[in-house]
Amino acid sequence: MTTNLQLTADGKLKHFLTPEGLSAELLTQILDTAETFIDNTQSPRKIKSPQLLRDKTVVNLFFENSTRTRTTFELAAKNLGAEVINMNIATSATSKGESLLDTIRNLEAMFVDAFVVRHAVSGAAHFIAQQTAPHISVINAGDGQHAHPTQAMLDVFTIRQHKPDFSQLRVAIIGDILHSRVARSEIHALNILGAKEVRVIAPKTLLPAEIEALGVTVSHNLQDGLQDIDVVIMLRLQKERMTSALLPSESEYFSCFGLTEEKLKIAKPNAIVMHPGPINRGVEIDSKVADGKQSVILQQVSNGVAVRMAVMAMTMTDFSNH
Amino acid sequence: MTTNLQLTADGKLKHFLTPEGLSAELLTQILDTAETFIDNTQSPRKIKSPQLLRDKTVVNLFFENSTRTRTTFELAAKNLGAEVINMNIATSATSKGESLLDTIRNLEAMFVDAFVVRHAVSGAAHFIAQQTAPHISVINAGDGQHAHPTQAMLDVFTIRQHKPDFSQLRVAIIGDILHSRVARSEIHALNILGAKEVRVIAPKTLLPAEIEALGVTVSHNLQDGLQDIDVVIMLRLQKERMTSALLPSESEYFSCFGLTEEKLKIAKPNAIVMHPGPINRGVEIDSKVADGKQSVILQQVSNGVAVRMAVMAMTMTDFSNH
Amino acid sequence: MTTNLQLTADGKLKHFLTPEGLSAELLTQILDTAETFIDNTQSPRKIKSPQLLRDKTVVNLFFENSTRTRTTFELAAKNLGAEVINMNIATSATSKGESLLDTIRNLEAMFVDAFVVRHAVSGAAHFIAQQTAPHISVINAGDGQHAHPTQAMLDVFTIRQHKPDFSQLRVAIIGDILHSRVARSEIHALNILGAKEVRVIAPKTLLPAEIEALGVTVSHNLQDGLQDIDVVIMLRLQKERMTSALLPSESEYFSCFGLTEEKLKIAKPNAIVMHPGPINRGVEIDSKVADGKQSVILQQVSNGVAVRMAVMAMTMTDFSNH
């Protein structure tokens, strides 16, 4: 179902809701397109601003507040010449009792071209993509515990910069897999692109049942799990998990699953360390690791602008990197 | 008074505060200008973006929160190449105790070109237009229960698309006339443009005294009132009216004044149904009617962008459609 | 320390954090550059929009809410062709527990070019300038009670329009010197530019100890202090000072230190009256003075746009007025 919804009849990307069901070729096209937006000839690197979306309007439709994610999408759209309308829906239309569908119908009638949607309910972006007018593209900026596809693609983009041969790649995702839309989308993207192994490392209380069905190996012990690993992806620990009895305490979590310099030595010597941010220093990751020379966390942020530009360019125009 | 305030010495539109006192020729010029901004050659229709307001700055000066209205004005201004500054005054300058007039004086000193004003107090836009510097245009985006002229003009624009001969036109406005700035401005605009009849249909508690003086006929019964009607305009029912003892209950209101498919059959067969939004489904209008084939509610939203572009272009430049 | 931090190795302005430690030549260059952005050939004067910052991104990083200041910086940046991202940090990233430094690191990774910083803590802008990446400029939009350099420069710019010979200039700054970052920056800028005398006039409870060390003369009496004065700068009285026992009452303050037409006569006949805004009418200044013919308060606001454009152009580009 999701596969078809994201593609036009001739296989072009129309919406970007989840990596699930997309081909390795299409995901690679996103990565290659993103590459074209980074000017590697300059130091420091700059973003190119081809005005591909001139006269297009992008609506940031955020039902959950997230300044950081909203800002990267706003920058990406403006870099391509689009106008951006920021709508924080938590505090606006719906407070007058208008339904989600009426809000969507009204915005699409205003000749806008894309919705970037963040919503606390899994499936919200899919619902909007199903319901919206044919000329509008929907980009999922995170829906419940379901998917966060642009985050997954910027992670894969960053990995490819350092470890281009995915057929030999072993990736560990560590932390609260159960509640993480980022982890789900990473697992899908890495498997589609042919990673040799995606390993999840978490206490049992933070792993969904039947996680192996997603095509991952499982470890409940960080020291064991880090062996032979090329890429270490740490997940943010939501502090509210502590109070919900899924975890004993912050310090106990850190001692078992927090990444320190010492534990990182168990992974391959040239392993890279990633984190989707924002970081809880001293909870899931030690500052020395987060700021250390194996960390590519800030590269992820930079790449996020280029990857979001690529997704917007591909869904909103006939632009193609082929 | 209002007549002169809105016009330059040579009769050009300077501010747009209310349709009251303006000529049929001028209102028609707004409609014709709006028409030029819609590209009817494309499917779906697109808005043209002539950069008429390049290097102009429009300030959205909203003393009442309204994401929807603010967004259409922001889109209209950006479509014309203007910069837009959004100011939600409820939470800013006045919280430091600055007077409305000092806020206006400061903004005009910053070389801005127009204020789009929404305010809970009737007459606020007029006051600002009277006080502001000569090079600034004021556009009323709704003041108290007084006027909402761009809403009225987009309604008239939509009617003209379907019923171009106003001399034969009978329009019914249904609901809370008493508190509606939209109804007041619609009545003025329709009468100026020569509509054959403007009929208001409402319970006595939701009609102002001496409403006939505005040039309308009155009905207190929906079935009677809908006879011979070409255009049915439903007003949003503010739910707080219920608690203020003006109305018995939502369900009783719906049974008396709510528009259903069955009641709509009383109007002319090709009657169109309008609503300024946001809709209270099942309160003043049944979903089958709102989404039915006689509804032009979403066309109103689309036309709102073009009409607001027209008003900005006419008040802020020497642009003229003649 | 602050001197070097603001300048590149070859003496160009890199950040603008405080006038302190900068040369008269550099401050004069800011004033001269601002002059080039004002089109004095038009009536009313207009701001020129040279697209010097096209493809640059300015982040308004406001940890204290201030619509007025944020708006002038937003206008200044847009007048130069920059994209602007508004971040109200009080309600965003830090609520997820991210540190200030992580917020800065993330934003700079997004390829932005400047931070305009307002923060309640003295030294915040310096801290960010010390920590941020080399390609980023930091402009202080007010930090605690420390500095507000663009306000000081627009004040000096306004003074120069009326009183070009600083060697003969006597300026009085009146009111709550103790808590005023504006006063501190004005004192520094005026002394650097060679003003003959900067006199502070305030009750003892609103003067810092050892204020004379900043190079000012002191008066505790408005009538005495206004003698021979060319420029009268009134400071806004924060009403919370009343409740903190520093002041007896609003009316008593006004009778001692409020500026009236009568008291203004004590100053030189052609003295100008300034105020950084927002004004407390009837608290520190009488409306007749604020709106009178010696007042240049609204010219200050206009000049603020040009001065902020100058600071952005000088810090963010190789642009120079030489």
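When the chains are written out, they are named A, B and C in that same order, and each has its own residue count from 1.
As a convention for this text, a residue touches a chain if its C-beta (ideal position, glycine included) is under 8 Å from a C-beta of that chain, and two chains touch if they have at least 3 such contacts.
Please read all numbers here as calculations on a predicted model, not as lab measurements.
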If you check the contacts of chain A and chain B, which chains show up for both? C
For the copies chain A and chain C, the interface residues, called same if over half of the numbers are used by both and different if under half, are different
For chain A paired with chain C, centre-to-centre distance based on mean C-alpha positions, whole Å: 41
For chain C, write out the residues touching at least two other chains, lowest number first. none
Chain B to chain A touching residues, read off their complex: 44-47, 49, 65, 67-68, 71-72, 74-75, 78, 239, 277-281, 298-299, 301-302, 304-305
Quick one: in the complex, what on chain A touches chain B? 55, 57, 83, 85, 87, 89, 91-93, 96-99, 102, 105-107, 109-112, 133-135
